[in-house]
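Next up is a structure, given as structure tokens.
For reference, chains read A, B, C and D in written order, and residue numbers begin at 1 within each chain.
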Amino acid sequence: MGLKRLKASVYQANMELKESGLVLFTFGNVSGVDREGNLVVIKPSGVPYDELSPENMVCVSLETGKVIDSDLNPSSDTPTHLELYRAFKACGGIVHTHSEYAAACAQARIPIRCMGTTHADYFYGDIPVTRELKKAETEENYEKNTGLVIVEAFESLCPEEIPAVLVANHGPFVWGQDPRKAVYHAVIVEFLAKMEVHASQLNPQAPRPPEHLIDKHYFRKHGKDAYYGQKKK
Amino acid sequence: MGLKRLKASVYQANMELKESGLVLFTFGNVSGVDREGNLVVIKPSGVPYDELSPENMVCVSLETGKVIDSDLNPSSDTPTHLELYRAFKACGGIVHTHSEYAAACAQARIPIRCMGTTHADYFYGDIPVTRELKKAETEENYEKNTGLVIVEAFESLCPEEIPAVLVANHGPFVWGQDPRKAVYHAVIVEFLAKMEVHASQLNPQAPRPPEHLIDKHYFRKHGKDAYYGQKKK
Amino acid sequence: MGLKRLKASVYQANMELKESGLVLFTFGNVSGVDREGNLVVIKPSGVPYDELSPENMVCVSLETGKVIDSDLNPSSDTPTHLELYRAFKACGGIVHTHSEYAAACAQARIPIRCMGTTHADYFYGDIPVTRELKKAETEENYEKNTGLVIVEAFESLCPEEIPAVLVANHGPFVWGQDPRKAVYHAVIVEFLAKMEVHASQLNPQAPRPPEHLIDKHYFRKHGKDAYYGQKKK
Amino acid sequence: MGLKRLKASVYQANMELKESGLVLFTFGNVSGVDREGNLVVIKPSGVPYDELSPENMVCVSLETGKVIDSDLNPSSDTPTHLELYRAFKACGGIVHTHSEYAAACAQARIPIRCMGTTHADYFYGDIPVTRELKKAETEENYEKNTGLVIVEAFESLCPEEIPAVLVANHGPFVWGQDPRKAVYHAVIVEFLAKMEVHASQLNPQAPRPPEHLIDKHYFRKHGKDAYYGQKKK
């Protein structure tokens, strides 16, 4: 993918994030990666959404994190995004938000459990919460270490099957094949978090759905036997 | 009803569903039935709402489930709809959603109780939750079996008096005399689910309303002694 | 007030009710009274809000409840409104809604407690819940008896100071000096009900505000020593 | 700052408050201060937002509270604003709202705890609740005394680091360097209150975030080592 096309795609995903209602003010950011060029494009830091353009998206090196071609600072969360792109090879786009319900789950330090088919249609298991960062990890290279604890949380999980995480006391990082898919997933994560709040009010002891139901819904939409939607031409 | 008119009606009901705010992205689907022609018309699978038209609604045989006249796949939930049309003879339209509060009730595995007049104006009793599907029922003919457990849940209930159900760990299926009435009912179901969440927060031990109140409200609007609204001309 | 002006005012209040977001579909109704003419004007039963006009508001006799000049049925709740106008002499307009949070309080059978200044600015004390209707009261003259249990709930309360009530397992009836003030109060009632839900989540044991605070806020806005707002010219 | 510019800024901030969705009807008010001129400009009392203009903002003396140049009454909360400007020297603008979730926290009498990075990005610690006013404090000079109990609540807190407070059984007062920043903070306060409601539902025993995380986020955005956003030119 050319850099120009990547910037357009990252810009568009940032605007869709704004329209989705998941972000207040300048909160949140979306990035995308060019695996061949080893480049990451991300929203500039603290710039209001209505001042964004494809041109002011910031390009940094995936390897070094250095800004390639901009006078603007990239999002302060850039080192987190970079760690995720380095560890999760199939990930093409990443979103970070403080969306209301998902961030509340992160503050409550509870995973978004896989309690139904809406969840299993997109996430093959609970959306985990990271461990707390240690003092030294926070004080030096905080944003990079945030990326590393996310990667740690996926030691025994597959980031393609569960493309989201809650950073403890912070908020969700969500990813996908490309920046727009990542935003799509972030909207789903917020929706699932809302259902967790309501269902925990109604019946905190509700049983988990059987595994076969989760398998059915996940694999109805993913993998070689998927049969949801229209045949790709 | 001619097929063209049925397609128009199913299309319109799908658009009303989208406008109602009950659905995210491509979630949800509405169908309608032509009892004389033994035909069911339903939303195509995974197509965004703004690409829908009366023409791309998919027509299938009520008996066999075979697509009659389309290159598009019908909603993957079509076999569920078919079972409901087969068992509930007075049902003219069906909606399936993952609407936030009703789906949360389904995940909490609790019925939407008849706790007041808003409920009794439309539903003559609790909106039930289905049992869990067994492993074999999920692995083979999942969508058809989803229909069958709904029918099972109505063994001792009248589907005309309670035109809605929560499928365990999934979400609501709602029906009515025609596709638009089904959507109307789906909006009410979501509203009732919201009230259940709020009321269970305020007072989980609140007493049930007396039966005579439920009778009064249901029969004020339904049956031969109804006196709500204007005289039909 | 002339009948034409009353119809215009009741129509306008019904439209403001619709715009307030408190009503779904045809739920809810507003009425107004002409004390000199002994007339009540109210929304027709079951007619969608976008088909309302000043002309199709229905006029009934305050004394007999008979329709004066219309082919349309008045709201089925008309006999409730009439009882309130008969008992609460200072009441000029009445609204009935099933607004989400207030109706949830009615289903939870709990009053909206006076827990702060937002409440005390408009309501001088808890908004009460009626008792349940008895079987005979429901089966005969249900709507009239609903009015009578509301009046009963105000035996030791002042309807001018607390212009709202929750009918058990039903929803709020709210009133004011005129139809638009009644709608204004209905919006406040819904807002207060929302705060009760949130605050009961956060701290169900929260202490009541001191009486002097309630007095201060209520009398800052009401009565001869009021000093809120601009001097009336 | 000239008076004309201050009035324009206070007017604009009041309109942003209205657009933010934090206020119902005429609830809420924003003020700004001219430290050199010893003047405070504030919304007139009880005037609907759509009748506001830069010209009808009311100017009062910071020292005496006397109206300088208007026939309109200033907001009845003016004496509260004045006490805050007198005690909090760095404060340039103040907002008072009854916003739904923050006012519910005030009614629940619980602080908005610093449970995550969204909070620590703006507020360096819990947002406190004032003590109750005594009877004498309420009956005489109520609004001035409201200001004084707020100041009392900050005896051992820094009002620049925690620019918000919940007045017990009333609602939030929020401030900032200028009127628009104050409104910005009021929106954040409401958002944080929402997260407290949701998180307390999900897990009331959730641990506090470590102090180093709070330090990191607060000082990433504030003070001499801030590195969030773009370099100021």
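Throughout what follows, a contact is a pair of C-beta atoms (placed from the backbone, for glycine too) under 8 Å apart; a residue touches a chain by one contact, two chains touch by 3 or more.
For clarity, every value in this text was computed on a predicted model and none was experimentally measured.
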Least step count from subunit B to subunit D, where 1 means the two chains touch: 2
Same vs different contact residues, subunit A with subunit D, by half of numbers used: different
Centre-to-centre distance between subunit C and subunit B (centres being mean Cα positions), rounded to whole Å: 33
Whole-Å gap separating subunit A and subunit C, where each centre is the average of the chain's CA atoms: 47
Residues of subunit D touching at least two other chains: 201
Contact footprint of subunit B on subunit C as seen in their complex: 24-25, 27, 44-47, 72-73, 76, 98, 100-101, 103-110, 132-133, 135, 138-139, 142, 168-171, 196-197, 200-201
Contacting residues of subunit D [partner subunit A, same complex]: 115-118, 184, 187-188, 191, 194-195, 198-199, 201-203, 206-207, 209-210, 212-213, 215-216, 220, 227-231
